[in-house]
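Each of the next two complexes has subunit A plus one other chain: subunit B in the first, subunit C in the second.
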Partner chain A sequence: MTEIAESAVSRRLRAIWATPAGIAGSLATVDHKTIGIRYVVTAMIFLILGGVEALVMRVQLARPDAGFVSPQLYNELFTMHGVTMLFLFALPVLSGFSNYLWPLMIGARDMAFPRINAVGYWLFVAAGVFIYTSMATGTMPNAGWFNYVPLSSARYIPRSNIDYFALGMIFLGLSTTAGAINFVVTFFKMRAPGMSIDRVPILLWGTVTVSVSILFALPALTASCLLLYLDRHFGMHFFDPDHGGQPLLWQHLFWMFGHPWVYIVVLPAMSMASDMLPTTCRRPLIGYTYVALATVSVGILGFGVWVHHMFAVGLSPISLSFFSGASMAIAIPSAVSVFAWIATMWYGRPVRNTVLLFIAGFIVLFVIGGVDGVVTASAPFDWQVTDSYYIVAHLHYVLIGINVFPVIAGVHYWFPKATGRLMSERLGRLSFWLMFLGFNIAFFPMHFLGLLGMPRRIYTYAPWQGWAMWNLVATIGSFTFALGFLVFVINVWRSYRKGDRASANPWGAGTLEWSVSSPPPPYNFVQIPRVASRHPLWEGEDDDRRSVLDQGPALDDGHQAVSTTALEARPTAILPMPGDSLWPFYLSVATLFLFYGLVYDSFVVAGISAFAVAACMVGWLWPGASIAQFDEPEEPREAGDPPATTSSMPMSDLSLTPVGIAVEPHPPGQWAMALLIVTEASLFAYLLFSYFYLDVLSPTAWLPGGAPALRIAIPNTAILLSSSVVLYWAERRLAAKDVTRAKWGLMFTMLLGALFLCLQGVEYAHEPFRPQSNAYGSAFFTITGLHGAHVFVGLLLLGVVLTMLWRGKLSSERRHFLSNAALYWHFVDAVWIAVFASLYLAPRLGL
Partner chain B sequence: MRVSSWTLWLAAFGGAVAWAAALLIVPTAGSVNCLKPLSHTARFGATWLTLAALTGAALVACCVALGVNVHVLRKARREPYADHVRFMAFGGLLLNVAFILSLAFFGAGLFLAPVCQ
Partner chain C sequence: MIAARALAGGPGRADVFAGAGAQGRLLAPLGWWLNDIALAVTILVTILIVVAIVRRRHDSPRLAEDSEARGIRWIIGAVAATTVILFIMFVYTARVLTENAGALHGSTLTVRVTGYRYWWKYEYLGSDGHTDFVTANELHIPAGQRVQLLLDGGDVIHSFWVPALGGKTDLIPGQNNRMWLEADSAGEYHGSCAEFCGAEHALMRILVVAESADAFARWEAVQRQPAADSAPEALALIRTHGCASCHAIAGTDARGDAGPDLTHVGGRTTLAAGTIDNNPRELARWLATPDLVKPGSLMPATGLDTAEVATLVRYLRTLK
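Right, the complex of A and B next:
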């Protein structure tokens, strides 16, 4: 291809993919690079806020009997510090890196769902604003980041402090779930042709592992916060032992989420180190397969250790032994990664730059944090140090050591790619040493303080307790660490303005993101690459298989991306991608006001906002809108047909790849719906777990009025299940091009769904108990009510599908949207079977 | 060679699923039974047998998954374009070994610690 032709393609691609200038363009952009950078910058702002809160606490603790802050403010500070660092910094910053890097690393034009990517970011910002609104109203969350009941119940904290926490977590969960689904689908569907599953960068393994973990773990937090909100605002009794509730239920639900979360916020950071190390050591990572597996196994094992946070509450020996064993086992895959990094450095030729310094620092801190953590897997030792400063030391070694240090290394490493400028090495080294020394001076003495008996979360202590010296040392260390971070921020600012210009590949790295200019163009790659190894830029002339980076098709007919198979990355279709949109932004703003309405029981505000949210979603999906999935399908190409785009170079099977979502057997939307169902199923599983947990442990009569009546429930169950049959029939009719009957089938399904909801309302009116009667009533109405809400959402979804059908947007070839809605509807029906069996039948069977 | 994606995924994560199921069911069943009358707390009584059977079932599932991985790995050994198959099977093999060890460790706990206090 000549230079002139290439620049013409580039110009066309730029016109297609570039974000328009101005505020509207900025709010509407779905460019993964812009969103990634926004994530990182916003998370860093939250890091600074959380850091300032920590410094205020350290000033208070620097000497005994200090009065720098009041006990109440101290409670708020340590809670906000934890919430900010864990939820508003640690994961979002990693999401930022992954958002920015993933499509560049896998040779894609964008993430699988660019608009969901945008809504994920805006919801994150809105949730952060929501949580920090509590600062302005003087009601910051104040029961610690794990917010134990009964302290967080309305009896002890009646103001809205805890509501900001509970609702803020649910709010933030929407963003996190959207991001997780997007990452999983991108991982399995959007890799460049040839990038089989054994060739993906480790960062992808880390992020996809945590994304899957999020889908299973986050619903536990959502469930616990929902139950707490209902207890506080609607007089329910999930955590109230006087009415059959159990405070320990909170701990179980919270830590089912909480411990996987610890791995969720470190695994991608560890993976970033695994991807940076080969470049800084000038050799491929030793034990790629083992590191990838270690990453996956840590993610799985992370679910088996939640109870080690509860060793002190009194558990059966069998539970202690199981969870103690699992907690120790998790050290094994972690150690595999450490040995792989050390071996890579040992056998490589390390370049001693700032990136390597931060990675080396991270490995040291990881080992210290791992060793001081694994000993707490032993229950007797854990009993001694639980809730002491030893745990504070351990969790900071883990979270700062394994999250912040690799993140700073990552900023130094990928800054040239994102900005086109190199960071200052001199300032980088200075910031490393200040941060590394400051961190150890601040947190290592906390081990001693814990062993000396200093409990966490006390706002002051007496001089005779002997904790003053180490506390002073820790405070000096924390300010030194903060100074190091300040130097880092200055370095970023200075380098962004006048750093040396960076070439496309200033480090001589081997992965795909370094094959494009710095900063990358809006379309990422002029031509879709074909990958043949883990390091396409390090392939030699005499390698058997060589990647092809500059001869693929340009796909310059519109917003298009290649969809590939999950394992082999064989091209299956060229998919139309959605463009910029303001709906994600509007949706986030409406959701913010919905949550403001809920926190202050202003149901008028909440109702109007809920309507706005629904309107935004309908607007987003409206068939008349220019969403690409509704473009007319193209016929699959055959051998001999012209290639996918006129300007593309022919390249093996890609030029034969059919265009359009209709030809994709498992389109990304179907994957996303399946993943949404996974996370929703987890939510119901946690709620049913809560139901049975309360049932078993209830100190009072569990069914005060007897089991719920079946005279309405049985016919109602039949109605709902028959609706699934009708919908299946409607799907078959559409497949058979019988659009009229498909419409009737859809309408009848909706009618049955609406009838189910009405009968559910009748049943509610006739039940002898209310949600406020006892924990059973609370559980019954919450679980069936949430299921009813799902039926309502299903009806809305079917309504949109029906509208599409009326407007001729669906056909026998293009019925994916109906298939997705049907999948959701069948899932809702399946949930009802579980609910019916648990709530109606189990009590009659004596379970 | 023809190996379906589903076989590869199930074989790779079969042990993990079995382990996770054991994780959810065994301690829960143990805790629930421990709340019942004292007859259930006998060292090798009905509760113990239930837990041992559940753990054993999980172990069997892990071993089956391991066997599938070994089989796939042997079949794919000399295939020219099966790197991804070998990767999945080898990964599954290691994962299943890890979860077999984990379950064996837990099974040993059944003999060493009382089920209920």
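Right, the complex of A and C next:
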């Protein structure tokens, strides 16, 4: 009887959640599982591209004085190899795993923002296409993946090589930021009832840690690439020492981003190992809390060590000591994870399968990459090994060891879930041994090469330098490693075609993703689970509190998901979720052409594309289009199927949960806006840091003609700040159901904003310096100009809200859109206070 | 590392453990010590992992609670040990930093080093701070004496690294860096540019020649001499083919400063920053086809015919 009833529910759910077949359907899908798999497959394609680039380099280096590739091509290859692996593979592959697994692990129907999820993927593909366009045009980035100035300035590399790098990084950053916001909101809002934050799989901790890190770190890369683009295309001088710029500013900004990035691309992979080990060792992870805390603290400490990439730039012994110590300290939380894994293996009963082999191999490589990392953290010895092959060895142990090995373990482990088929153990073991031995043969000798004096990034060497033997060994090892990877790819392909059928839970695992069929249905869970422990599938008959997986509400009358409280996961509302949409895809294509326009200074292409981008956004948000938040059921009602009795089911609070965004005190949209503000605030913080950095180190007077005048700036500040007051008033009016006054307030706010922009323009015309005059002019115009651009975006946002208000889409109960736009507007005003204090007041205070 | 120590024996070694100068001697033991600890930890943890996987187990499944508590004790102990080791490493590091900062001051000679794509310019400064003489790519220093190097990036960032003598320091445009160099005994020490600087970063090598005080004084005296203006035919070629717009030969009207000073080029052992040996055949090849010898070099095609190349080779060989 239940069987039939369930299948009726399943059918209804399938009709609601399934993506229609066909090209349009597959471009429009927002199913996190499809998107997750696409991320992983696309990232793997980039891994293969980057791997081929590496093999070409290894052929060139296999013997001294080789002429397999030209120096120029070699330099392009190692740059593209680094860019591809670090940006187009390492994070996207982990985003793919998290996208696929998170909702399944936390008992959710989808991510918090399915369409933002889709746009994240399409922007990633578009940015990858953009960066690889440089291969077709013969202008691949060629200044290394950290792209130091002045080498990367227009004077030394005038062609578009570096533009593909700088703009590509900004482009990809859009995708990464969208993904990070989505993960953070999903983490705090979408966990199934009962899944308090001490019950989530470690992967949740890993990915949420790096997502928060991304919001703070990525703006440093965006800022540095923006400044480089302005230097290269608009004659500005941020990095030009002849006009008050500083080459080292690039290094600080880049590594403020770059070092956190290293942890960003390894922590989720480590976390995957923490989640696979309990299954392969048949016992819960030992020290769950310690591992979770260690993960978070590595993410935080990662922000305090960027200078260890710069030990040879000529720093004082004090800062060398500090950054040496801080860098070594990161080994402590890392050791917590390593010993937790070993303890889990020790006290468990490990199943010696391919998954365990890759995890064990990963731990060994992690330890090697960790200890030689501690060696390089010692500043004085780092003077010897930095920029040598020792670092090449170290970074590959870290990145391949801690990213690629757990990822391959993860593919073997979750492949049955995603495809319904098991991978071959025989091929799996073969690929492991080829990869593990090949890797060590390739990269361990690079330590020796570094100690023997071989610098990194050289395309050739002479026989007398004594590096030939170990280079040949390394080349043999790298091809062995590649062969192992090929076996893995063959294994994936064969298993996908004709692997053994997998049950729902082939490994006997304990977490929620294994409670649904393999592959999972489009709606993930027929009933929303209620979670009572870390391993719902391992609970014994005699546990007092048991998870309930098959008796919850099905939410089968629309795209719906449960939102819960941040810590304890008590249900707060049942949210309508958006369905499939083509706008994310269109938006990404338009963005691609916008960036092409920027590379070639074709402002016609860029302008048309920018218009298309704006049109896509409007189309996405258009009131009356099927944006979820507007599809509210006519009558708020008590949601959920009535609980199917049985006294053991504490579902009462969920069944009483009200439906609709209006009842949610902190809806996901508000979280997302707050997080966007966090990352935008970081961007301005990095720009103001750049301003003061240049100021302090300026060899001549920083202000060319005294501090900028206050004649216009003070009234303009008053105008902008009063606009916030007016907007606040308009918000209150809407809350008090006074729609007419709210409209007037909104219009007046926009008027004040527009006035601010006009006066800013007048002030620009009166400044005695230009952006091209010197570094000061560049910084002044860039910071105030970027702020002005934010005011402009705020005006557009308020314009959309005004339209909604006019069309009756907002009301006192449904004013989240206005609240979010207002939050943004207040933030932009707050930024102005910081800008005004730094650029106008600080010079007058002698700062 | 233990293995690396075995690897790198023999005279004329260029590796970081050679410790052939003041800073090299300070850094080499630190390096051995750090790498040995790293190796020991790796071996220990690898053994632990292997044992954890293959060890025999009592078949009755242990109580989860019990092993959780034991596992935690385990983790705390191991992390505490790690912390102690790290702390010792840090103390050693800080001590070496202090010693380095204290020891490496004062010098008998100052040389301004400017890195260009893809060669090194050395300006030997007199006691009054003015340039005494200029040379390129081969740095001569008196053995057993401390030499101060003032480092400047002439175009992009470069990094000066002679592993046997010590660590590297970057040459950054617009920033005045300095480092000290001291070789314990006479000999040749090889190094390279260590910061990627463009197409021919690989062929931007360094040769430091440490000599006895007497030999160094003789070398200095030679370097101060201008070239004899006695080869009108060659000098005409140097003028007409544009050589003089980049290269200087003291005593003649060749005064370019975009390329290496050639006043005593005949006395150097290599050409093009360590790319080729300095002999008539290689020099001729370099003059005729610089883009084949060092493909990304900024030395343009000269358009010299074979006879002209021979004339120039004969002349340049006399500039000792």
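FYI, the second predicted complex is superposed on the first by the 827 of 847 C-alpha atoms of A that agree within 3 Å, B and C clash if a C-alpha of one lies under 4 Å from a C-alpha of the other, contacts with A are read in each partner's own complex, and residues count from 1 in each chain.
Following the convention adopted for this analysis, a residue touches a chain if its C-beta (ideal position, glycine included) is under 8 Å from a C-beta of that chain, and two chains touch if they have at least 3 such contacts.
All values reported here derive from a predicted model rather than from experimental measurement.
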item	value
Subunit B versus subunit C as contact partner of A:Ala292, first or second or both or neither	first
Partner contacting more residues of subunit A (subunit B vs subunit C)	C
Which superposed partner A:Ser321 touches (first subunit B, second subunit C, both, neither)	both
First (subunit B), second (subunit C), both or neither touched by A:Val531	neither
Partner chain(s) touched by A:Gly304 [first = subunit B, second = subunit C, both, neither]	first
Which of subunit B and subunit C A:Phe381 touches, first, second, both or neither	second
Which of subunit B and subunit C A:Ala62 touches, first, second, both or neither	neither
Which of subunit B and subunit C A:Ala742 touches, first, second, both or neither	neither
A:Ala329 touches, of subunit B and subunit C: first, second, both or neither?	both
Contacts of A:Val262 with subunit B and subunit C, given as first, second, both or neither	neither
Subunit C-contacting residues of subunit A that also contact subunit B	290, 317, 320-321, 325, 329, 332
Residues of subunit A touching subunit C in the complex	70-72, 75, 143-144, 148, 150-151, 156, 241-242, 245-248, 283-284, 286-287, 290, 312-314, 317, 320-321, 324-325, 328-329, 331-332, 335-336, 338-340, 342-347, 349-350, 352, 356, 360, 363-364, 367-368, 371-372, 374-375, 378-388, 447-448, 451-453, 455-461, 465-466, 699
Subunit A to subunit B touching residues, read off their complex	196-199, 289-290, 292-293, 296-297, 300-301, 303-304, 307, 315-323, 325-326, 329, 332-333, 565-568, 696-697
For the subunit C and subunit A complex, residues of the former touching the latter	1, 3-4, 7-8, 14-17, 26-27, 30-31, 34-35, 37-39, 41-42, 45-46, 48-53, 55, 57, 61-62, 64, 67-68, 70-72, 74-75, 78-79, 82-83, 86, 89-90, 92-94, 96-98, 100-101, 117, 151, 153, 155-157, 159, 161, 163-164, 166-170, 172-175, 177-178, 190-203, 295-296
Complex contacts: residues of subunit B adjacent to subunit A	5, 8, 16, 19-20, 23, 26-27, 30-32, 34-35, 51, 83-88, 90-91, 94-95, 98, 101-102, 105-106, 109-110, 112-117
